[in-house]
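As structure tokens, the structure follows; a few thoughts come after it.
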Amino acid sequence: MNEITPPPSLGPDVEQVVRDSFARQGLMHHLGAEMHEVSRGRVSIRLPFRDTLTQQHGYFHAGGTSAIADSAGGYAGFTLFPPGSSVLTVEFKINLLAPAQGDYLEAIGTVVRSGRTLTICQLEVFGVTAERRVLVAVGQQTLMCMHGKPDR
Amino acid sequence: MNEITPPPSLGPDVEQVVRDSFARQGLMHHLGAEMHEVSRGRVSIRLPFRDTLTQQHGYFHAGGTSAIADSAGGYAGFTLFPPGSSVLTVEFKINLLAPAQGDYLEAIGTVVRSGRTLTICQLEVFGVTAERRVLVAVGQQTLMCMHGKPDR
Amino acid sequence: MNEITPPPSLGPDVEQVVRDSFARQGLMHHLGAEMHEVSRGRVSIRLPFRDTLTQQHGYFHAGGTSAIADSAGGYAGFTLFPPGSSVLTVEFKINLLAPAQGDYLEAIGTVVRSGRTLTICQLEVFGVTAERRVLVAVGQQTLMCMHGKPDR
Amino acid sequence: MNEITPPPSLGPDVEQVVRDSFARQGLMHHLGAEMHEVSRGRVSIRLPFRDTLTQQHGYFHAGGTSAIADSAGGYAGFTLFPPGSSVLTVEFKINLLAPAQGDYLEAIGTVVRSGRTLTICQLEVFGVTAERRVLVAVGQQTLMCMHGKPDR
């Protein structure tokens, strides 16, 4: 089955499970990342600019860009997993398209294909200011569903 | 030309330029990463374990693993660039092979092919304790040399 | 510049240059691939099923899927290149989502970001029958524009 | 377990199973590819140059390069799988380092990490003549072991 036919609305529990898991990611907290939107098969994470997130030219470091892209994709996949499972990133690939700058970065993970064992996500990261929203990175990610291994 | 034939020893200036650039990466400092070894076409970076670097299960977050892998590869390429240039990550792909755990992670970037415009690196990340050194991630990275745009 | 703002219509010459180049690809001819649609920043290629294209289970081999995906992306990028240039694939990554089967495969390459030196494309491959059109692979590709090196 | 500790020698059956499976790949036969060496966790495939394998400049098309790289990696993983299973490529990424030319290409797939469900391989492709052996592509691949689904 290749088409994802999500129920019309997301139950409150799935979102809470996702947000609780995100809150346990020390790195996301340390970077200052915030989970923005959670829907079935799609999650966005925002990362406000700070000097502690830069590379040598003063832009966001690709490591920060990648970190929120990976988390956004991982949780997007997780929203479609059965109860009592957890998510593992198998691999991801990311192209950095433009200098990662802006008031904040927004990473969006979207499930492209959800299978019993493996889930594939598309990753996008935007650099956002009041005036502009620029695509700064695109990626592709493979996730694994760990059945019977709860996230907590 | 596919083979890299480095001079027998690395001049002190190249290493200093690399270490100075690394010192300007706010994110590396914020994560607690340290540049370990610098040689021509090969750079290693260490990331000691901290609670601020975790994902939801308490291991190193893939974002931290990726961040030091990306920096290690970027600086490995940079060691072979001409004076007055800087380095840009075009893309990278990383496979997470095993839970990223240990006293510290060590990322090693090694140049596979160095061209005028593009440089390709292999990325490896190990989870290290006093007893074990486990390969936890492997990756592949494409860099671009920005001629005439000094790093600083 | 991140947004692609193509002219409203594709001139006849660009399409002809693309189709002529495709006709010189011995492999595409050998596989039986046909260039389908050509527009600015987007090219599709079809590959009818033959026994000579299979892997060990009788589906299309990933090598065929990848070959037409790579060519579709490469030519999609090429449509946006300046006169007198040619295209080189730097790298691509492809996820195989489902068994590649159908009367034919259709690969679609779409430019995501077009720069002076590098162009990034999204790759999609569908398995098509009279009744179904199933996404069987997605990929991401980096191309290089070779200025002053004509394709022919 | 990250280290692969292969038995000192490869039994004749595993090699035969691999070679029989390869012989059923219509595409490999159609391209003229030959399985060269088979050992535990490592397989090489050769592809002699033909006009039917070219891209528009007369070099090997990346599709051919990728096809033999994918098969070499897939069978390298397969050599470590349990009886009665088969292999599926989840994804691969390949960097094209130099024009793919020579009397033949040789793709080598090597297992980096073999797990119960997923196996990760490194891919290398060389362009070979009587005088030179040039690395023309490197890649990384994720395979899935299909337990209880025999290859034939």
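Note that the chains take the letters A, B, C and D in the order they are written out, and that residue 1 is the start of every chain.
Quick note on the criterion: a contact is a pair of C-beta atoms (placed from the backbone, for glycine too) under 8 Å apart; a residue touches a chain by one contact, two chains touch by 3 or more.
Here is each chain with its UniProt name: A, B, C, D = Medium/long-chain acyl-CoA thioesterase YigI.
Just so we're clear, the structure is a prediction, and the values are computed from it rather than from any experiment.
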Chain pair showing more contacts of the two, A-D and A-B: A-B
Chain whose Cα centroid lies at the greatest distance from that of chain C: B
Distance from chain C to chain A - Cα centre to Cα centre, in angstrom: 28
Inter-centroid spacing, chain B versus chain A (mean Cα positions, whole Å): 23
Centroid distance [mean C-alpha coordinates] between chain D and chain A, Å: 33
Contacts with 2+ other chains: residues of chain B: 90-91, 93, 95, 140, 142
Residue ranges of chain B in contact with chain D within the complex: 2, 93, 95, 97-98, 112-113, 120, 122, 134-135, 138-140, 142
Interface residues, chain B side, partner chain A - complex: 21-22, 24-31, 50-57, 61-64, 66-68, 70-71, 86, 88-96, 151-152
Interface residues, chain A side, partner chain D - complex: 90-91, 93, 117-118, 140, 142, 144
